[in-house]
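These notes are about the structure you will find just below.
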């Protein structure tokens, strides 16, 4: 792993998950960094939509919050918040939604509400934000999160955003129009839901990471694909662009 | 009736029905002329809302259509059409709605849809436009229409906009939030609903018009108030401003 | 993604026989030239949708393009009746015209529901009117919190939508301003969309009150300067009120109208 | 009609003990100074409403102004947790805080329903999540046309709303631009409203992307330059990101926070 950090690898892997021309609903932090990295490398036609109502934003520096002025200044269109959700997210006009998580379980359900009992939480988290409907209505969802036993739990304490419930067919039964989480990208590798069971399966490891480490940092008995790939390390260009983005971040 | 026409008297009477500071939903034609006359005489603080989405328009010439550019150019705010109806008309934020009519009946129900049977009309009219919800949700409604037996009918052929149905309590039962038509202004005089029965009663005659004429031009047995007033004739200022408005109309 | 095309190709690719289609605009920015082109191409069996069908729909109805009209106010704004519309409704000429009739509030909410991917919208409307019962697209719904009964209208999904705008950029982002009407909702309610524009520019300078349709919800853009005439494009042209009055004379008789139609083709 | 007043009088007249109140803003234009003033005036028993309660609500919660929070995302944007919010929820300090929790889509629609004078709104939302059942304000509704079951949320009517804007004119028409959030809906959802502005001007020059609240839906306007700090007013100031980070340190302990609170009063 010489030459780059595991967080850099995670961000680069997340950026690569975005195809050129896709319309992407971006949260602040790592998703925003990855999306902006993609836009500056292989996906110049990526369309960024922030929940603050900025459509087609092309920030020249990484925004620190979803409400930064640079998003409004560079957007093709700035709209009110109800319209973001009603006219743009809800009807399935967004191809990819990027979500983080405090907990993810083996069926890619996501908790960002509370750890422990809801009424008496050990850790109160920020809550849902746009995530439940991003998870429901985007064409697909990319989850980006650092992998650990605290985060990768057998069953989330609170389903803030529905992934695949406890298996196949549940999204359809609930009337969810998007395909849900199709990839979980971590600092160790990449997991994808099994097409049959919807259970997350380790399908790629980042350079220098072994299966044992991935299992150790997973709170359930992790399934591993027969042909686990090794992620290509960040290219020189990817790293250079990423580091420049990070360096220029903020004001 | 020397010195002014009956249409001028009607327009002046309609303008006088608007109090300064009121928020007024204005249709094109006579309502727009009357509202702009009011704004230039006794009601400089009148707020004009057109269904094209122009809020607080202050046109310097009379618009020929509800979509004239002068309305957008002079408005405090221009919004989309769904917002006009949902955020502004529906919650009762408009004090006065101005409506015309092809037929009005004795309970001030209004027809602008079709004369004759709906499925085989003798005259097909333009239809509802914004009128049903203007009649439902404005604080009160002012109807302006030339009086004749063709227009003032016992029962409208089609209820496009609900006035008082067939008597008291009906608006409340239907959940209509506004008070409905509180005055009908014609080229002959002024009618108001009886507070007990909701039936339109002649309460004022314009100068030079007698009760017999009003009855003759009404398709039901017209009730006349005990103390019918005589409208004050248009003042010199009212006439001058009105005529200047009309002269500068259009492009 | 928006593709730049000619008016003829744009109309051909976007508006198809049998479509439920809207040529929207609220007095301002009416896509007249696209409508004329649909007539030239002999489009048939259309369900024409619009809040304020005006002269362009009068032409299309008279030319026999339409089987049905979904609308809330059909008149020649500032002038009077639409004679071709009336002739179709009153006398079935050139063909009977089925009507689905709403209020403006209902139509606007039906578009907004479709734009939102919802099957219906809720409003305080229609209560006590004879519009209820004339169409299956108006029903009631009970609030699950208060028990209040309100009106429900079905979403107005379109096969195609055609609008006119001031300009687009080379990616196909579309910008229009002035009275913006219900065009955004119509485009978002449609499977396919065509936007005619006054011009294509390198950069869409922000304009007060402007609406921007991002390129990924627009299918075709055609440059048609004056494409809204006799309606207008705020900042580019003014409304040709005389032409609206002249239409009254042209459309009053079938003969005059047929002559006009011959001249168009 | 909007009345020009001081910040102290505006807060006193508009925000009352026991109110369901929203100090809205979406990262941009947060009415911080109005919130500080409500703390100074010792406002109590508030139901605080906001999509994105941030540092100003953290302050108000820590100062004991709130009895309940209605929200969808409570964090320090770009920094992390709201420690006073967490302390109230996790340990009941300084008082227990009742939570009514939604998604952004649900909150935005609840405001929009109230702004529209409707008792509820319909959306595709919440399905499968544990948010359902935690609050009575989320139910289901069946489409009367298709039979589809959707989410319904109750309208979020407010006693008072407080927002910050770039400017107002002398009549009290209010103009703001940049990221415009959900402030229009909050003001229209409220019985009473206060707008703090950077300045009052003779004429509101049109600005691209600007929202205008007409004077007849605004009750009080107070001139408070920098009233959004450490948030910002697009075109007037930039976001003070350092101050958001500093709040993390101040708010982490009850002692530090109490010292800060003493300094405010």
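First chain written, first letter: the chains are A, B, C and D, and each begins at residue 1.
The rule is short, and it goes like this: contacts are C-beta pairs under 8 Å (C-beta built on N, C-alpha and C of every residue); 3 or more make two chains touch, one makes a residue touch a chain.
All of these numbers come straight from a predicted model, not from anything done at the bench.
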Walk from subunit C over to subunit D along touching chains and report the minimum step count.
-> 1
Comparing B-D against A-D, which pair counts more contacting C-beta pairs?
-> A-D
Centroid spacing, where centroids are CA-atom means, of subunit A and subunit B in whole angstrom = 57
Where subunit B and subunit C are represented by their mean Cα positions, the distance between them in whole Å = 28
In angstrom, rounded to a whole number, how far apart do the mean CA points of subunit B and subunit D lie?
-> 40
Of all the residues in subunit A, which ones touch at least 2 other chains?
-> 86, 90, 137, 177
Touching two or more other chains - residues of subunit D = 112, 117-118, 123-124, 148, 184-185, 209, 211
Every pair of chains that touch: which are they?
-> A-C, A-D, B-C, B-D, C-D
In their complex, what parts of subunit C are in touch with subunit A?
-> 1, 112, 115-118, 173, 184-185, 188, 204, 211-214, 216-217
Of all residues in subunit B, those that touch subunit D in their complex | 21, 23, 47, 55-56, 76-77, 86-87, 90-93, 137, 177
Subunit A-touching residues of subunit D, taken from the complex the two chains share = 26-28, 51-52, 71-75, 77-78, 81-82, 85-86, 89-90, 101-105, 108-109, 111-112, 123-131, 134, 148-149, 178-182, 184-185, 209, 211, 232, 234, 238-239, 241
Note: in the complex, subunit B contacts subunit C through residues 28-29, 51-54, 64-69, 71-72, 78-82, 84-86, 89-90, 113, 118, 121-124, 126-133, 136-137, 158-162, 165, 170-171, 174-177, 250-251
So, in the complex, the side of subunit C touching subunit D is made of residues 117-124, 137, 139-141, 143-146, 148, 150, 152, 154, 206-210
